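Common to both upcoming complexes is chain A, partnered first by chain B, then by chain C.
Moving on to the complex of A and B:
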């Protein structure tokens, strides 16, 4: 697992404590778990921001729905 | 588990795991975003209320950030009114976390006071005023704590436009952290005694080797730091925390410093108990506990030596042993930061406490010498007085019902509002007791509340005495006073109850000693006590045995 994915995996574990997080997280997105609603999604993105010390701009943050998109954004940075 | 309702003026990331630190010890409920007014008006009396308020939610900061005083009033007063309503409705704590941060323009702010600042001043002044009447209002100026790491780390405009949330995750962590501190303080009693080492704690160097002229205290550099640390200790003791010394030294050497060193900020009279010898510190600390009649869990131990600390930690885990920073420069801050030592409210009585504990230890040792107790009590010129409750002493009355454990027959905890209400009902008999004797003025140390059941009967609702003045038959004197008042207004019987707790076995025989007879609970009594399986008593007012109160004549 790449460093980035590992870090995101940890963020997922923090927010979705009660779910089993699959090894391959790339395909995960809003709705993947029952508790992954828009509120948890926000919490997840804020936690990822803190972990990577980045900030998704307002415009971008609405577009990010999947972990794949998160990874793409972080790689671009 | 205590219930807490958390409300806020904007979104506070309610589902975020940061809140778990609180939800592990409290039952958390989040009100709807922005519904702090609903929360303050809630009919639920039994939950602690937390209001997280951002001034910028109370007005539109983009429109006009420079309000006049009238506009400020219009913004703040509705919220303040709700807080007053809640404080009067429920005795449960109301914790207000307040931020007045806004984006002010430097140039304009340099000649006009920005609204954020005016709002903070107005709001905090009003709260401060309310706190004088209501001891269940707690105010956190959260900006103080945000500013430690900076607003750029704690606020984020993007979160505002994204989710109506003013703060960042870091900001949320700070809010939660501060709430925990306040809530813990509400739940757990504070520490009463700070035990200090001497060498390299109160001064730099070893007195037994360096001598009084070479220890570092008061001079520039390290000496100044030690003097400042002592000043901090002094300020804590002024708030009612007791001080004791526990050091491995020759007593003569340490006393020389206390008596002669000009830079000593702490004086001999500030210390309630000295243990200067070569015995184990844990043994000495246990002795202090016995002599002062205080529990180890109310002790804080401060020693620069990790070895001594380690042994105390191991032998007396109940004592809070502090690990002071390596660098003494940070000690004053660290000491002030011990939240367990901080008090919510310092009453006049707290300030007198040191003096009174000293009186107590002298009283105990004098009493041991005395053979004829009655003769002895006569000789100390006891002078007790009944005092009516008024605005200057009601907080003391409340404090006593909240804190007295040992000599407390029913241990009913009251809030200021409740006491006020009982006192306003002129049918009830309510009085405080103050005491003087040759050992000094003990201040207000007892309260008696007797509720009127009907024309002929009274029920003793509250009867308590501070344990530091026990052994003076004052409890009997109180009953005698009740007899006097009762007889005047035609009372024939007095009913009473003893509710057993873990701590009040001391007074379990109190009523039988005074000729009260145990009875079964009846319907009348049910109105005054809804406890099961407790002891009820009855006595004809003329038959109460009060002869031992003669020592007061």
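Moving on to the complex of A and C:
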């Protein structure tokens, strides 16, 4: 697992404590777990912001729905 | 992104059903159709000012809007923002806010009375988050108080009415605003039109609002909107809106005391954000510090002797907008 994915994996573990997070996180998105609603998705993005010391632009906060999109955004930074 | 539309007439029953199933409180504005229609039905478009997301012909999320437009600005007050509690993982409720931001770019998008726990949501969405300031004036002529509660450290000034340049007249209709060139210029600051005041207050379907017009040498400088609230044979005056010159408020201290005395109100209160604290203090108001020393009740339906903080949020963050309790859906009856 690459460093970025590893860090995001840890963020997922923080937000979705009661869920088993699969090793391959790239295909995960809102709704992948019952508890992954828009509110916990926002919480996840905020946790990722802290972890990577970045700030998602407002447009991205509304747009990003999948982990793949998060990884793409971080890679571009 | 799911398709977002305004609620059509034939979806009205589904919308009410959805609201009843998902809104946590029982006593709400959507329990009475006449009130709901007054608040949200758009006659011109023949639709409800309610954004909805539908899936399989069922409403899965909604957001109510109260449009307030004058020639300078459009303000969108949103409320009843809900996602189906059984389908939260499949619907992104933020799409509704994003829809407002993308489709009403020159407007100010605002709501008040948000839950403390949701503050982080609005902060993340780059909204400005503030508390409304809560001001009050206690009637010094009572020996015992039933509505308001304060301890001895609270200084209640015993003032008598002194003749001054200002007077407050009580009007049930807002005709005085028509063709008043001096007042009309304040539309630029308060973003409210005469039609707004007529619909929101003069023609309110349940509450009897009154306009308290401030005159100085017979010239109108501004007006408050208020309504009486009562409980246990005692009453208070809740000021829910203001329009006009704010400076003049600093000159009406004695007029307020006179109003308290004549009408036998236990107190007057006034929630707002954007009017200078200094001016309101000069006008006799004190600010509720939400300490244990004082309780200025907010809820009367039913009566609850408790201080209530009202949080408001708006977007874009840099907008300047005076906010009052009467804005949006805050001052509403509970059925």
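By our rule, the second predicted complex is superposed on the first by the 77 of 77 C-alpha atoms of A that agree within 3 Å, B and C clash if a C-alpha of one lies under 4 Å from a C-alpha of the other, contacts with A are read in each partner's own complex, and residues count from 1 in each chain.
Assume contacts are C-beta pairs under 8 Å (C-beta built on N, C-alpha and C of every residue); 3 or more make two chains touch, one makes a residue touch a chain.
Because the structure is a prediction, the values reported are computed rather than measured.
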{"item": "Which superposed partner A:65 touches (first chain B, second chain C, both, neither)", "value": "second"}
{"item": "Touched partner set for A:3, first chain B, second chain C, both or neither", "value": "neither"}
{"item": "Chain B versus chain C as contact partner of A:47, first or second or both or neither", "value": "first"}
{"item": "First (chain B), second (chain C), both or neither touched by A:34", "value": "second"}
{"item": "First, second, both or neither for A:55, with chain B first and chain C second", "value": "first"}
{"item": "Contacts of A:14 with chain B and chain C, given as first, second, both or neither", "value": "first"}
{"item": "Residues on chain A lying within both footprints (that of chain B and that of chain C)", "value": "39, 42, 46, 58, 61"}
{"item": "Interface residues, chain B side, partner chain A - complex", "value": "13-17, 156, 158-159, 161-163, 168-170"}
{"item": "Residues of chain A touching chain C in the complex", "value": "30-31, 33-39, 41-42, 45-46, 58, 61-62, 65"}
{"item": "Chain A residues touching chain B - in the complex, by the definition given at the top", "value": "14-15, 17, 39-40, 42-43, 46-47, 49-50, 55, 57-58, 61"}
{"item": "Residue numbers on chain C that touch chain A, as the complex places them", "value": "83, 88-95, 97-98, 120-121, 124-126"}
